[in-house]
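Please find one structure pasted underneath; my questions will follow.
Labels run A, B, C, D, E and F following the written order; every chain starts at residue 1.
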Amino acid sequence: MRPSKRAADEMRKVSFERGVARYAEGSCLVRFGDTQVLCAASLEDKPPPWLRGQGRGWVTAEYAMLPRATLTRSRRESSTGRVSGRTQEIQRLIGRSLRAVVDLPKLGERQITIDCDVLQADGGTRTASITGAWIALRDCVQWMVQRSILKDSVIKDHVAAVSCGIVAGEAALDLDYAEDSNAETDANFVMTGRGGLVEVQGSAEGAPFSEAELLKMLALARGGIDTLVAMQKAAIG
Amino acid sequence: MRPSKRAADEMRKVSFERGVARYAEGSCLVRFGDTQVLCAASLEDKPPPWLRGQGRGWVTAEYAMLPRATLTRSRRESSTGRVSGRTQEIQRLIGRSLRAVVDLPKLGERQITIDCDVLQADGGTRTASITGAWIALRDCVQWMVQRSILKDSVIKDHVAAVSCGIVAGEAALDLDYAEDSNAETDANFVMTGRGGLVEVQGSAEGAPFSEAELLKMLALARGGIDTLVAMQKAAIG
Amino acid sequence: MRPSKRAADEMRKVSFERGVARYAEGSCLVRFGDTQVLCAASLEDKPPPWLRGQGRGWVTAEYAMLPRATLTRSRRESSTGRVSGRTQEIQRLIGRSLRAVVDLPKLGERQITIDCDVLQADGGTRTASITGAWIALRDCVQWMVQRSILKDSVIKDHVAAVSCGIVAGEAALDLDYAEDSNAETDANFVMTGRGGLVEVQGSAEGAPFSEAELLKMLALARGGIDTLVAMQKAAIG
Amino acid sequence: MRPSKRAADEMRKVSFERGVARYAEGSCLVRFGDTQVLCAASLEDKPPPWLRGQGRGWVTAEYAMLPRATLTRSRRESSTGRVSGRTQEIQRLIGRSLRAVVDLPKLGERQITIDCDVLQADGGTRTASITGAWIALRDCVQWMVQRSILKDSVIKDHVAAVSCGIVAGEAALDLDYAEDSNAETDANFVMTGRGGLVEVQGSAEGAPFSEAELLKMLALARGGIDTLVAMQKAAIG
Amino acid sequence: MRPSKRAADEMRKVSFERGVARYAEGSCLVRFGDTQVLCAASLEDKPPPWLRGQGRGWVTAEYAMLPRATLTRSRRESSTGRVSGRTQEIQRLIGRSLRAVVDLPKLGERQITIDCDVLQADGGTRTASITGAWIALRDCVQWMVQRSILKDSVIKDHVAAVSCGIVAGEAALDLDYAEDSNAETDANFVMTGRGGLVEVQGSAEGAPFSEAELLKMLALARGGIDTLVAMQKAAIG
Amino acid sequence: MRPSKRAADEMRKVSFERGVARYAEGSCLVRFGDTQVLCAASLEDKPPPWLRGQGRGWVTAEYAMLPRATLTRSRRESSTGRVSGRTQEIQRLIGRSLRAVVDLPKLGERQITIDCDVLQADGGTRTASITGAWIALRDCVQWMVQRSILKDSVIKDHVAAVSCGIVAGEAALDLDYAEDSNAETDANFVMTGRGGLVEVQGSAEGAPFSEAELLKMLALARGGIDTLVAMQKAAIG
């Protein structure tokens, strides 16, 4: 039995609140249970310096947690003066995941940055970020289409993400913090709306895991991501 | 006529939402019109290193803006690697303002940090921060009293803050961004519930200002702060 | 009775020594009692990057203390790798104060930087800096006029500054370190030669202060600044 | 046909040279084709600060590339002042992989750091690092056993790693730089000597990948890692 | 003929002004012509962390230039966030030079830091710094003796320094900036009062130099340092 | 008797291994006994920014040690975020030494960077670096000549370096770590193939040294450098 009484294949309550950031070109407050991430898309009229003159655009992401998003306060990365390895890993993952479903040449010489700021963290902040960031990105692209900056959408598919784990020997979907900190194996899956894999990241925290366990987690993730994509469709519908 | 149609002595719509940060010992989402600041109090069981062994506690504040809190995106201070002068000025101001109404010896060898994270910025973020931080601090102290960490409250008075300015030759209360960026003089006032002055900061942005103008702004501020203190009382009622 | 035996409205011995920095376009060693600040103006032929192409110039300031300007040695900010919040607050204040009396469009696309390096610190370093920086700036502008870089002066008025405080319940002018560290309230005033207010910054260090106390300090400051402006006039005479 | 003429399941020439770092407690120069990594183990008599007093040890890794390990020179991270996200990702991966096969409580309050310095980079530097680091770690542990610092080895199993990819639609083992930069999907697998999975990291660089492709890459990796473990056994034999 | 009309073996006008820094335990404003360095000694009651418990003291130095000490303004190292290689070289040189004449075990577990701040720079700032720092250090030690912190002086000898160069094919003593920037070879010599060599640093800026030229510069330096030591003796007389 | 049983004027076993860095335009692994430095030359098609448009090229060097090149592990400068003073001194020395024998105008608007990475350190790393860097630089220039980037070589002479010291009262050549850490005086000499002096750096570590001792060390160095230059000639022969 999971601490949250959820079934092994049951996600937490998920919601998307669009347009929460008044000044952003697209935004979404995404909730996976008690995890809350504010995703805001910002359009810039030029690509990053290393991409100038190549006729392509770029989509990138930044990720941060408010100091008291968590059980105990953590120091701000602005005051430590360093972006931690964990933060960099996560923002690189979000960026890659989004770019997998964007037609970058069609975007033209522009950059869209998605800021994912975790207001509250109860596990799964990176998967919630990816799932919510897609909404913010999509609304930003719509904003551009409405203003004729783009003729039509440059988004090729949905993208969403969910975590799985082996907890007390059983595979489980969408871990919250209580489960995550006790999981033997922790995995994150990113998939497109059509079911293609974008990222698979599995780590043994204790004992190694087997191929069978990897496949069980993958099956759970597929179910979870189907649900998330359906909810994204409803949210933008 | 002000761009917002408000009277010279009229504040924007102010609201306090308590308990928004699930893990913090006290928290408050404060809104001054479109300005939104999430204030979260974190208790630590020891004072800062430079205060060890002196039998006194400390209250401090940190301040930051989400990158897209503003009209155009600003870079994260974690990625520039530097906390800007503006940020440091503001967080020092918030800290001093709160300490003015706390009995630090009675707090004992502990530290309370109030994080003020601006979710949306439409002028007056530092004054909203101070006013909301007081609620978060007060709730944190109540949390301590309820758990018998403190016998009774260490908060001696309310503290609240408001900005004023000289705009198009006229004194006005609680400037929003549109007014603030056109003001000839910009001033911030911090006062206690009993009407004592804690901070007065006035700057000529264009032409110098006169003593009469300073006094006019001070009178407007006094009215605004009376309102804010009454609202704080209602919020914690 | 003040520790220095001065009357409440009596300034310390003030002096200006012009031309102390051989290579600078303007310079002044200012003394407020034992406080000594070396102010040096440097002209650059282009404005800061964010002001290019707008037909206006800029005046800015940097402030630092020698490590042993003070009673006990403080670490260099170059070796800590960070400019402290206090330093940034002060250099922003000096810059704003000087710009209040300069015709920036008339200065043209140039920048003048005033370096204020505190050789010895006995309280009031920021007010001495502003007062001495005005001389360095003025001499730099004269240097430009003499070389026909400017047709005539771009300085619209004098600017000078002084601190006041409430010490042992009494308002006092131009605090030295002994008074400053015991003051209940500490305030800095910046005014022009014609008596306009440029900056007012008052902080309660202990109990809040009243409007009456603010006005008493303002009156003392006005007297002190009148004296300082007269001395500036004599110095450049 | 692969650019290197290798079969899909064929690794590059792999070699281990032990004892190359005269002063290190264990060391190994590992070569995967033209990729060369110098792995050196350093023993410290105390654990990292956050682990003090818990009766457990720690194994960690640092990773860097010589500036001219690559086709074009890259800037030193010491001169940029920042450890890049990529570097941090890799060193965290190496550390986790090694810890998966070490009995940390039995290691006692000590830390072993494995420095992985890439002398030459032709793809697969992180997988070569993990595979070579295991030898350096094992030799360090033997060094401790020989000096009776440990009664017997704290290493529970081998660990080795290899990359796979989907290149031109086909799964291939142990990509070199030429393949890696053209792969549609790139995956790294870390496994123990007994075949358990420690890390699986797959990323779509272009089009998403299918579950079938993931499984094909996993099968190739299993074969490669079996070979690497056999070679580790021979090397320490 | 030298630009300054000096003879090849003629130093610039040198002076020492003791006690210029009111709060320092010892201080000296040293002038070598237009080069001016403020040297201030600060006593700390404990040695640096890496020397604790070894029964010895330490003498160290820090060196900096005011931004407008030079012909054109240079950026502050606090705002670049990095201490330059040149600055570090110089402060290490000053520290080594002073330690060569101090009995560190006799100093006991204490540290003396000499801050050398260049107010004006016309060549030879490092040699002026060493020569003036000796006075500040000596006065600090006297201060300690007067307060019975030390029984008697821990200074074993004088130390002083001077630069030489090969300019237009001729050896010359104590180069000013005009000569220094045109010298083919540039050398700095540090010697004790008894004539022992502490540091010799010669660099070819253009063509290599010969042993004969090195010896010519050394002879000039010996004459200059004899003069400097005699002046130090007179100054502390 | 020296710890290594070498005669006072006897160098350690020296070797040069050319072409060790597959991607570099020139490279050399130099060994002075157990000291090993990997020197790699990188050609860039433009000079550093401050030299643009002056028709001249530049040669510079970077120096680093692997963390476990030494007896005990040292922290990476990338993770401390600062390049140490010692590192900066050494890389500036290597760069100056190489530039002394290069015709920079003839090199044209290009930059060659020599990375000197110490794989193993047993004293004399800076002198080994200079001596090996010359080979890497020379091979890079040959590479350019072969590709007609340069008509003929821009290298005017050999350059090589060696350390000397006064150990137990005797002058000795090419100190290893055991001697170096006990030397009373430590000196580094850089000379050209024709015997001209490029750099002389002598430091008293304990008692001052005499002119006679300096000359004895210089004579030893001359012998050592003659040997090194002959070996460089053989290596490139």
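The rule is simple: a residue touches a chain if its C-beta (ideal position, glycine included) is under 8 Å from a C-beta of that chain, and two chains touch if they have at least 3 such contacts.
Note that the coordinates shown come from a computational prediction; the quantities given were computed from them, not determined experimentally.
Path length between chain B and chain E in the chain contact graph, taken as the least number of steps between touching chains: 2. Computed centre separation for the pair chain A/chain F is 51 angstrom, with centres defined by C-alpha atoms. Spacing of chain D relative to chain F, judged by their CA centroids, is 33 angstrom. Counting partners per residue, chain A has 81-83 as the residues that reach two or more other chains. The cyclic arrangement of chains, read from chain D in the direction of chain F, is D, F, E, C, B, A. Partner chain D is touched in their complex by these residues of chain F: 21-24, 27, 34, 38, 40, 42, 44, 62, 64, 66-73, 76-83, 87, 113, 115, 117, 119-120. The touching residues of chain F, when paired with chain E in their complex, are 82-85, 88-89, 91-92, 96, 100, 187, 191-192, 194, 196-204, 207-211, 213-214, 218.
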